[in-house]
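We just call them A, B, C and D in the order they show up, numbering each chain from 1.
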Amino acid sequence: METNAKMFWTGLSPDEAREALVNKDKSKKDKRMTLKEAVSRFVKPGDNVGIGGFVDIRQPVAICHEMIRQGFKDLTLSFQSAGMAPELLGGAMLVRPDHCSIKRIELAYWAHEAFGLSPTWRYLAERGMIEFEDWSNYNMSARFKAGAMGLPFIPTRSPLGGDIKNTSRTKIIDCPFTGRPIALLPASNPNVGLIHVQAADMYGNCIIRGTDATCAEIAMASAHTIVTCEQLVSHELITSNPKDVMIPFPAVDAVVHVPFGAYPGACRRHYYFNGDAIRGFLALIAPMVKGGSADALKAWYDENIFGVESFEDYIEKFPTKKLLADQLAENYNCERLA
Amino acid sequence: METNAKMFWTGLSPDEAREALVNKDKSKKDKRMTLKEAVSRFVKPGDNVGIGGFVDIRQPVAICHEMIRQGFKDLTLSFQSAGMAPELLGGAMLVRPDHCSIKRIELAYWAHEAFGLSPTWRYLAERGMIEFEDWSNYNMSARFKAGAMGLPFIPTRSPLGGDIKNTSRTKIIDCPFTGRPIALLPASNPNVGLIHVQAADMYGNCIIRGTDATCAEIAMASAHTIVTCEQLVSHELITSNPKDVMIPFPAVDAVVHVPFGAYPGACRRHYYFNGDAIRGFLALIAPMVKGGSADALKAWYDENIFGVESFEDYIEKFPTKKLLADQLAENYNCERLA
Amino acid sequence: MTVSTDYTAQEIIVVAGAKILEDNKIVFVGTGLPMVASLLAILTHAPGLIPVFEAGAVGPPLKRGLPISVGDSKTFTGASYVKGLNGAFELTQRGFADFGFIGGAEVDMYGNLNSTMMGDFPESYSKPKVRLPGSGGASDMAASCDRTILIVPHDKKKFNEKLSYVTSPGHLDGTPGARQKAGMQGKGPYRVITTRGIFDFEEKTKRMRILHTFPGETVESIQANTGFELLVAPDVTQFAPPTTEEVRLIREVVDPNGAFVKRVAK
Amino acid sequence: MTVSTDYTAQEIIVVAGAKILEDNKIVFVGTGLPMVASLLAILTHAPGLIPVFEAGAVGPPLKRGLPISVGDSKTFTGASYVKGLNGAFELTQRGFADFGFIGGAEVDMYGNLNSTMMGDFPESYSKPKVRLPGSGGASDMAASCDRTILIVPHDKKKFNEKLSYVTSPGHLDGTPGARQKAGMQGKGPYRVITTRGIFDFEEKTKRMRILHTFPGETVESIQANTGFELLVAPDVTQFAPPTTEEVRLIREVVDPNGAFVKRVAK
């Protein structure tokens, strides 16, 4: 066996993850609470935080706002491809390092596709301010899946041949059945998963529309999961077609009703991207990569996060016309009668 | 590494399975055909046959009838828990060994839960007439999943500790991340998968209601897949909620519309078990375990399979009243307006 | 509550099984009597019990009555999650199942179960004396649920020193940490319910121990019908016979068609 | 058909990409120009093309126009299958994707791609000169699609002998069977489309080879802008410039908002 890196676990080890779940109260109880309560109860200094969604789709934006307001310390962020969630968390570290700090990132991609690169990623990485471990989208998804399956690792092909296997904790073995090399990836079991979904009931059963991304895997792998939802609906409605439920209630610890909870990113059936807001936010950070001032960015955080009580207050700042336009754009993608 | 058994592949090896799929025409074309054509084109002597459904639920009963009519030779059957499908195929071997023969079975369970044990399984095994390899439900499901994922193996916990690991091709390794033992199961890539579903379109997109069992995994793992469906519907209807599609069209080779295709087993939303017919069939075989005559069983095959042209003729033999009663019973389980 | 005078052996098993299940826990339910016991528990002291069936249903309310298969349509209606077998077993392997509730044809003193074959092993594995159905999901539950509850008909020939085949591993050879060393998860067998009594496993030796005798049985009568030496708990008590209400529930509500609980007087 | 006289570098890339895609094949589409090229192919010669997007959509008709993310809502409407990332990548690993269509910031003569970092490796991996977004799904497509099509802006500094980081492996070091020996699947890089021409890989050496020059380029001008020695196909031809109709389709139908195809004249 070829060992590329010394093994260590970020988040929970497989045995710890098992133990945490065995000891957890998994009963069907009312898990509704405020975002304030959810974040303060379930996000701790030093946590490995699994981030749901994909790039700027269904990212847990509202949860990130609340984390920033409360402050966070020494987090490890784990995700496949993300946009606004790490951008907001990382940007907060740029303007308030005393209040918000990321220690490490395990990721496949951090940028915004059509909306551009991530200046925060460049800033933090090029200045050596954080640890990171590169993986691919499938690698990170499979690592969460291994965590969700209660396995210490999962075999995959795709770190083979390139440098990802050399800069990560991948181990290559000769397949005992075929003799050919195969990669083994260590499971990821975050301390807490952050997930935004279209609909949930009070127990935490979640319906996801469009891509499931890796949300179910993150929720099942994590010791705790915070869910925000566009619609909080009855248990009877959620379970009227049980196969629509993508995350079952025992995997969820907090359910918070937050309309526009992934905004200015997109959420299928609810709203399309507000590209202007995404680009506008990135433009505040971009000059900093080349040594520019943090003032504009600081002002943004003061106005939109530190200066408000809740995510609802942030959404309030958008013109209703714009919110409706983004809802209309999504209705064009995905036409439905109300 | 502890090696419990010499490795060999039944069905396709992982590399052969990959090659078969790469070379296959995966285009979106009309795959409707008769059951006769589907079976004669895609089931070959010596094939490893993956059987869908679970115990007596959504078993590919109509496909098995047609296979028996056409005859089959030296098959390997692969399934997790099955009832009527192997019972019919195995029973055919008891009455017409020249025409129908099973060489090997890879399985977790062969019986009928509330309807009783399988006399054919006892007959064949206790007389040493077939090879077999015991696995568990999760083991077989995970083996199909590994095949569907394009992996040579998948790690699991559950053959550990017992004798399944000793009588199967399981390999135990020390996990390179934790040092604790973990089992590796070889992928299963059948030559052909037999699947019955609630609804399909002409391209092979399939909707499954109730348990997916391991049907998607078998279809994705197999070199070819035959699908029978209760309802053959338009592509537009099938894809109106894409997340209901459990098997995508490129994994399917033949689509056949066969109402009651899993009968006398059950099919969610369509019909509940005809327990009398299942028990009645088993009662024809049970005396043979203790040396009784095959005459009654032979007569059953002559009347219901060899003596008819098609599965529709077999269904025709049931009183309409009984078919309606079984539909009504299912409507009670799963109430819906038409 | 009136004590039943005509309950059957299967009925007292079902009542015992139901009582062992704790409210608000997740129980992975095997086919047969475990399904009857779980439904009885839901209808009596454990309305918050969350059943999981291996074909894929998680937490169904079972409003349409007793499933006759673990893949029965009745298990899906109103469930909180339905995938397939991989989905159910993956969440169990992850640690979601507090209890696994399984049956077997043969058991040893460490709670290892056989549901594969009777005969010499490994010599006659390929041509066994009696071929049983096979593991189904039992070995998966045994390896990955936090604790397992076993149901075995109590017969000297089926309570053996050595099993023909270990399908569903329990406490293995009883040595400390044996399950962990083998790579398994969970605490292993918690209770055994037979036609004669209820058993647990002594903490240190992991050997089967009489906890409760069923009416009509004594420690001695049970030992006489067991093929290995049983330990005896310091405070063995008699398990109360089922009440008429419990028997009525089983016969009229839970399993009115006798799918699993046969109508044979004791 | 009239030849366009004002097409941009990105537009000719898109047209070339579309033409390389074969009708009725399954193409795993990376974000950016590959999405534009695939949609153009569907609207022209390849109506039966089956796009797969890594966030989960298989075979969507894309009736609502160009997605601006591979997880865009537009990719799900009318799709034949939608799970999540694991679902999409598992079917690719299995062999369902005939083509993978990916981009990168740096490429070598064997079609290995870098989209991770610029700088010394491994010394400055943790503090790179320029940090790029990372693999995304590109390395997965590279390892598991049957053949890959690469899009790279053609610049001497980005066509290098040695990459800063191999994110998406191509023909590795070009030795026979290198991909198979590494445990990978698929035939590897099939075509490279740049701002200057179209390239394939010579059968034996697996080295990048000029196949077609774009209008205004010659074998010499391309070599002059490449940081390694290119092979030259025996029958290099000029790639026809986009037609006015193709350019119109790109500007008015496929990417009317300029999400990926920027409105900069060549």
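Simple rule for what comes next: a residue touches a chain if its C-beta (ideal position, glycine included) is under 8 Å from a C-beta of that chain, and two chains touch if they have at least 3 such contacts.
It should be emphasised that the depicted structure is a prediction, and the values quoted were computed from it without experimental measurement.
> Count the C-beta contact pairs for B-D and for A-D, then tell me which is higher.
A-D
> Please tell me the distance, in whole Å, between the geometric centres of chain A and chain C computed from their C-alpha atoms.
Roughly 40 Å, centre to centre.
> Can you work out the whole-Å distance between the CA centroids of chain A and chain D?
It comes to 28 Å between the two C-alpha centres.
> Give the residues of chain B touching no fewer than two other chains, as numbers and ranges.
Residues 150-151, 156-157, 175, 180, 182, 209, 243 of chain B touch two or more partner chains.
> Please list all residues of chain D that touch 2 or more other chains.
Expected reply: 57, 76-77, 82-83, 93, 144, 185.
> Quick check of your reading of the touch definition: is the inter-chain graph here a line, ring, star, complete or other?
Here the contact pattern is something else, fitting no line, ring, star or complete shape.
> Which two-chain combinations qualify as touching?
Every pair of chains meeting the touch criterion: A-B, A-C, A-D, B-C, B-D.
> Enumerate the contact residues on chain C facing chain A in the complex.
Those residues of chain C that touch chain A are 24-26, 48, 50, 57-60, 76-83, 90-96, 98, 144, 146, 185-186.
> Which of the residues in chain A end up touching chain B in this complex?
That would be residues 1, 3, 7, 13-15, 150-157, 169, 171, 173, 175-178, 180, 182, 184, 186, 209, 243-244 of chain A.
> What part of chain B is in contact with chain C in the complex they form?
The touching residues are 54-57, 80-81, 107-111, 113-114, 117-118, 121-122, 125-128, 131-132, 134-139, 141-142, 145, 156-164, 166-167, 172, 175, 180-183, 209-217, 266, 268-269, 272-273, 275, 330, 332-334.
> Once bound in the complex, which stretches of chain C touch chain B?
31-32, 54-57, 64, 68-74, 76-77, 82-87, 89, 93, 112, 116-117, 121-122, 125-140, 142-144, 165-169, 172, 179-185, 259-260
> For chain B, which residues count as touching chain D in their complex?
17-19, 21-22, 25-28, 147-151, 203, 205, 220-221, 236, 238-239, 242-243, 245, 247-251
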